[in-house]
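There are structures below to look over.
Two complexes are shown next, each including chain A; its partner changes from chain B in the first to chain C in the second.
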Partner chain A sequence: MNEITLAINDRQVKGKEGDTVLEICQANGIDVPTLCHHEGLSDVGACRMCVVEIEKERSPVPACTYLARDGLVVKTNTEQLERYRRQILELIFTEHNHFCMFCEQSEDCELQKLAYRYQMDNVRYPYTFPSLPVDALSDYLVIDHNRCILCGRCIRACSEVAASHTLDFSQRGWKALVSADLEQPLGESSCTSCGACVQACPTGAIFSKLNLYKGKTDECQQIKTVCPACGVGCELNVLVKDNNLVRIEAPSLTEPRGPLCRMGRFRLLEPTPPRITSPLVRGKQGELEECSLDKAVQVIVERLAEAKDGFAGMISTRVPNETLSLFNKFIGEVVGSDSIDTRDGESYRIISEGIRLFQNNGRGLDIECPIEDILEADCIIVVGADPEKTNPIISTLVRRAVSQRKAKLIVIDSSRDVFPLWTDLWLKPRAGSEGVLLNGLAKILIDKGLVGPGKAQAELIQSLSQYETGEVSRTTGIENERLELAAEMYGWAEHGVIIYGEGLLQGNDASSITTILNLANITGNQVEGELRVISLKPCANSRGAWELGLAKGIKQDKPKGLYLLLADERESEELLSWLKGIDFLVVQTSYYSSVTSLANVVLPSPIWAEREGKYVTTDGRVLELKQVLQPKDGLPQDQEILIEISKKLGHRLS
Partner chain B sequence: MAKVKVATAWLDCCSGCHMSFLDLDEALIDLADVMELTATPITDIKEFSSVDIGIIEGSVSNPHDEEVAKDLRANCKILMVLGDCACFGGINSMRNLFTKEEVLRRYYIETESTKNGKIPSSEDIPPLLEQVKPVNQVVKVDCYVPGCPPSSKAIHYALTELLEGRIPVLPSEMMRFD
Partner chain C sequence: MGAKQLAEKVESILDNYQRDQGMLVSILQDIQAEYNYLPKEALVEVSQTLGAPLSRVYSVATFFKAFSLEPRGRYLINVCLGTACHVRGAVRILETIERELDIRPGKTTQDLKFTLETVNCVGCCALGPVVIIDGEYHGQMKTDKVKVLLENYT
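Coming up: the complex of A and B.
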């Protein structure tokens, strides 16, 4: 990049060729007002607030789209420019409804701030007062077209950041509106409710119902933490006022783990079931009764002193490493049981068995690649996974690879195409025949020679000999041609990524995972010892828990006693039916639920926002979960309760 | 030195801007030394005589408002408008999204708590204008103090500027639209 020098407001400043005038101004601390510009989004020059004068240009030009050249002479703050800017603001104010006293976004509005800055105390033009619709039927989002200034920031966020391409302009001129799909209500459109548009909107045109009337940005404390909703590990900027969650934002829209999704941005703010605010023990009448922590601990201690046999521990992987480690010691040393598992331990055992069967060389989860690799992909296979449901940011990255890098997308799923608008090829194997299909693909790759030199070893070739394409086609119900097409798409790719998830893990079929690793290995889709394979793990800290060795497995079909540290994980049908029939159940949890109604002792647990510690992302990054709220009613942390019980049993845990 | 004469009027408004003026509290005592309120809703004098400063709160929503605005304009040297309604149309202009017939019908007949409602009509009640207007669309305005209502601090700043012979423009940090 060639360095260039230009004169801005009689000051010599430097920039790089390819920079816009606005970028150079911002890099040099020269203040230029903007409205349709947003960090990380492309510039379109829609609002004209950033107009500057450039010597030899016949009229002012928008700084955001004007490429800087060596020797340019720029003025950003002449009286005429300031007059133009105020005039632009007046025109924007007359166009739609921009009366602040009945707008919730007042004080958090870039348009309002600019009007104050330019002392816009009256408007010299007639207002147009168009009557525009409000779309409030989506789960989380509201679009009020009356507040819209048509800057297009939401549209660019939707296409460039969320890669959803749901929003765009419809109509033209005076009638132009931001629309979802072809003028569909947002709730019925392809919108994924990721909320990137909310964060990008400078006015009150797109906002979330969950943020309303909770507080203004200036009144809030802002704390950066990591998202507890899934294992991707996005950074959250949490806004807190009076120990209440006000809003969750992405610190940066441009980071791959940045834009956030409906789970991180909105669902964490949704109303929860009632909190457990005191220890509870089952009384003589069989009802749960509030009691002191001492009393609850006493009941547990008595039961453990009576019989430790057949006692097991189970823990949610939503809690950070520190809690996991302590729980591991608690069950091992204090309870004296080697029967311990995580809620998602079964998934771990399948994945690790799959990796062991692959080359049996001691590799573990570190054989997988970082999720950022999806952005580099030219072919993506999604098998037995629904990232939009479980890890929406993975789905965003897939869409970005497809829309921005023209990656080919193959979905292997026996029930539905999980990327209906994006898939190049959907292979629909008969349920349960996914493994045969994957092996069939491996065989086609070898037969067609689409493998790296020396990659297909005799042993593998031998084991695949039974997967003749015709046979695979009959078993899976997929035509030969489609199988071959899929193999060629992946085989020719230079940077193919395979993503698998709960669909395969629930199938209890470790060999399918081995085959996936083989596919990546023989085609050379690897870098520095990592295969371009990503498994979607069930919880935010699944990997942390698994690597700490907590997913050993419960030894008995049904333990006699169970200490379940459920934290703020919600109940599931499968958990409930397993818990039924356990003699003595201790549940440490944040919320009342059907699980607590089965428990003999219930202990309180903080929610994600009240905890701190380390999380390990699905691809092995260690991130810091920060405490953003004081625990409700001064409730103790999970560790404090475990330490208290241990003390009573004569153990010193730390 | 003779006191500066001030007259005020409220048009279509909630009177909040006048209340904000009264919120000046003890500062009013000092102002009373240099200015004199003539016709205002506060003194309940309705006929304007010639004054130095005219102040209007509220938007122009009916012919009576128009008359009052024109009358005060004709009787003052400098006209200042107070509040978002007078500056921009404000909350009253929400009705500009509908026709005046729709607005009257909704208010007098269709409200959920109304039974057998009817739209009142009398020579004494001015009809609504088609559109609510800010004051500067009816008469010339010399200076503006936006806010809903403007803070007493902003009103004090504007009055002090006027009393010292300058046309006030609110500094950015005093600007408020709500």
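Coming up: the complex of A and C.
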């Protein structure tokens, strides 16, 4: 990039060719007011707040869309420009209904701040007082068109960042509105409630019900932490006031893991079931009774002293590494049991067996590529996974690759097309025949010669010989042509990524995973030992727990006693039915639930915001979970309780 | 009109333009010509086949006045409200038509016969006040001529 020099407000400043005047101003600390410009979104020059005077231009131009050239002479703060800007503000204020005293966004509003800055104490034009609709039907979001200035930031965030393309302008002129799909309520549209529009909105036009009247940005403490909702590991900027969560924002909208999703941005703020605030022990009448921690520990210790065999431990993978490794020691050394598992241990055993069968080189989960690879892809296969449900950011990245890079998208799913608006090819195999389908694809790739030189070894070719296309077609119920089309799409791609998830893991079939790794390997989708394959892991710290070796598995069908550290993970039907019939159940959890009603002893546990420690993301990065809230009622951390029990049993854990 | 017929018709229009996203306006024009309006189902079909976001298709469809999302009448009435027509009583002409057809400007009669629109000058001010019905110009309109004029269209 060539360096250029220009004069801004009689000051010589440097920039790069291709920069806009606004970028150079901002880089050099020259303040230019903006409204429709947002860091990381494309510029459209709609609001005209950033107008600047440029020598030899016959009228002022918007700095955000004007490309800088060498030798430009720019003025950003003349009296005339300031007058223009004030006039633009007045026109914006008259166009819709901007009445700050009714607006939650007051004090955090860019429009209001500019009005103060330009000392707008009166408006010289008549107000139009239009009567515009308010859409409050979505679970999390509200659009109040009365406060909209039509800057289009939400629309650009929706298409460029979230790649949802739900929002766009409808109508034109004074009738123009931001609307979703066919001017539908947001809740009935293709909106995924990721909230990128909320963060982009400069006024109070789009806001979340969950943030209302909790606090202003300036009153809040801001803490950077990592999202506990899934294993992608997005950074969160959490705003806290008086030990309450006010709002969760993305530190940057543009990072691949930046934009956040409904799970990280909103669901963490939703009301929770009642918290467990004190240890509980089942009394003589069979009712849970509050008691001191000492008493609860005593009950556990007595039981453990009585009979240790048949005792097992199970832990949620929402807790950080520190808690996990202490729990591992606790069950191994203190309880003296080798029966330990994570809630999602079954998934791990299938994935790791699949990787072992592929190539026993000890790389384990490191064989997978980082999720940013999806953005580079020109062909993506999603098999047995529903990322929009489990890991929405993965689904955002897939949509971005499809809409911005024209990547081909193949969905393999026996029940539904998980990207209905985006899929190029949906293969619908009969339930349970996904493995056959994948092997069939591998065979077609080899037969058509769409494999890297020397990649398809004789052994593999031999093992695939039974997957003749006709046979595969009969088993899976998919026509030959579609199978061949899918194989060609993936085979010709230069950067093919395969994403698989729980749908494939539930089949309990490790060989399907081996086949996926083979597919990536033979087509050369490999960089420095990493294959372009991503498995969606169930919880925020699944990978951390698995790497620490906690997913050993519980030896008995039904242990006699179980220590379940559920933390703030919610119950599931499957867990409940498994827990029934366990003699002695200790549950350490944050909330009252059906699980606690089965327990003999219930111990409190902090929620995600009250914990700290290390998380390992789905692709192996280590991130720091920070404590953003003081534990409710001074409740102890998980570790303190484990240490307390160990002490009573004569062990020193640290 | 069955959903299947509509899908087939829209498909054939899309094929005329090689399913090119850049031809969106022309595609919508052809659909409008076929049905006299843009059925919502057609917009969904266009969006899915072109791979263009539904919101974008809707945005274009609502931007241009030539497109209508509601069924239009067989005959389009345009009443000129330009300055020359205005001073010669165009507003009264408009009111008479509104009363006669029982619709407001921008709306269509229930029997789908007439759609009423207003326009700000069509450039033949000497003829004013002017009413244009389906491209036919009727100059020097008078309120008592309105009823007879409308009865000519069956």
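Following the convention adopted for this analysis, the second predicted complex is superposed on the first by the 654 of 654 C-alpha atoms of A that agree within 3 Å, B and C clash if a C-alpha of one lies under 4 Å from a C-alpha of the other, contacts with A are read in each partner's own complex, and residues count from 1 in each chain.
One rule holds in what follows: a residue touches a chain if its C-beta (ideal position, glycine included) is under 8 Å from a C-beta of that chain, and two chains touch if they have at least 3 such contacts.
Just so we're clear, the structure is a prediction, and the values are computed from it rather than from any experiment.
Contacts of A:Arg117 after superposition on the shared chain: chain B is touched, whereas chain C is not. After overlaying the two complexes on the shared chain, residue contacts for A:Leu167 are found with chain C alone; chain B is out of touch.
By the touch criterion defined above, A:Phe129 reaches chain B but does not reach chain C. When the two complexes are overlaid on their common chain A, residue A:Cys100 makes contact with chain B while staying clear of chain C.
When the shared chain is aligned, no partner comes close enough to touch A:Leu293: not chain B, not chain C.
Looking at the shared chain after the overlay, A:Ile223 reaches neither chain B nor chain C.
Put chain B and chain C next to each other and count what each touches on chain A; the higher total goes to B. Residues common to the contacts of chain A with chain B and with chain C across the two structures: none.
On chain A, the positions that touch chain C within their shared complex are 159, 165-172, 179-183, 190, 421. Put simply, chain C touches chain A in their complex at residues 40, 43-44, 48, 53-56, 58-59, 62-63.
The residues of chain B lying in touch with chain A in their complex are 81, 84, 87-91, 93-94, 96-98, 131, 134, 136-137, 141, 143-146, 148, 169-173, 175-178. Of all the residues in chain A, the ones that touch chain B in their complex are 93, 97, 99-103, 106-107, 112, 115-117, 119-124, 126-127, 129, 131.
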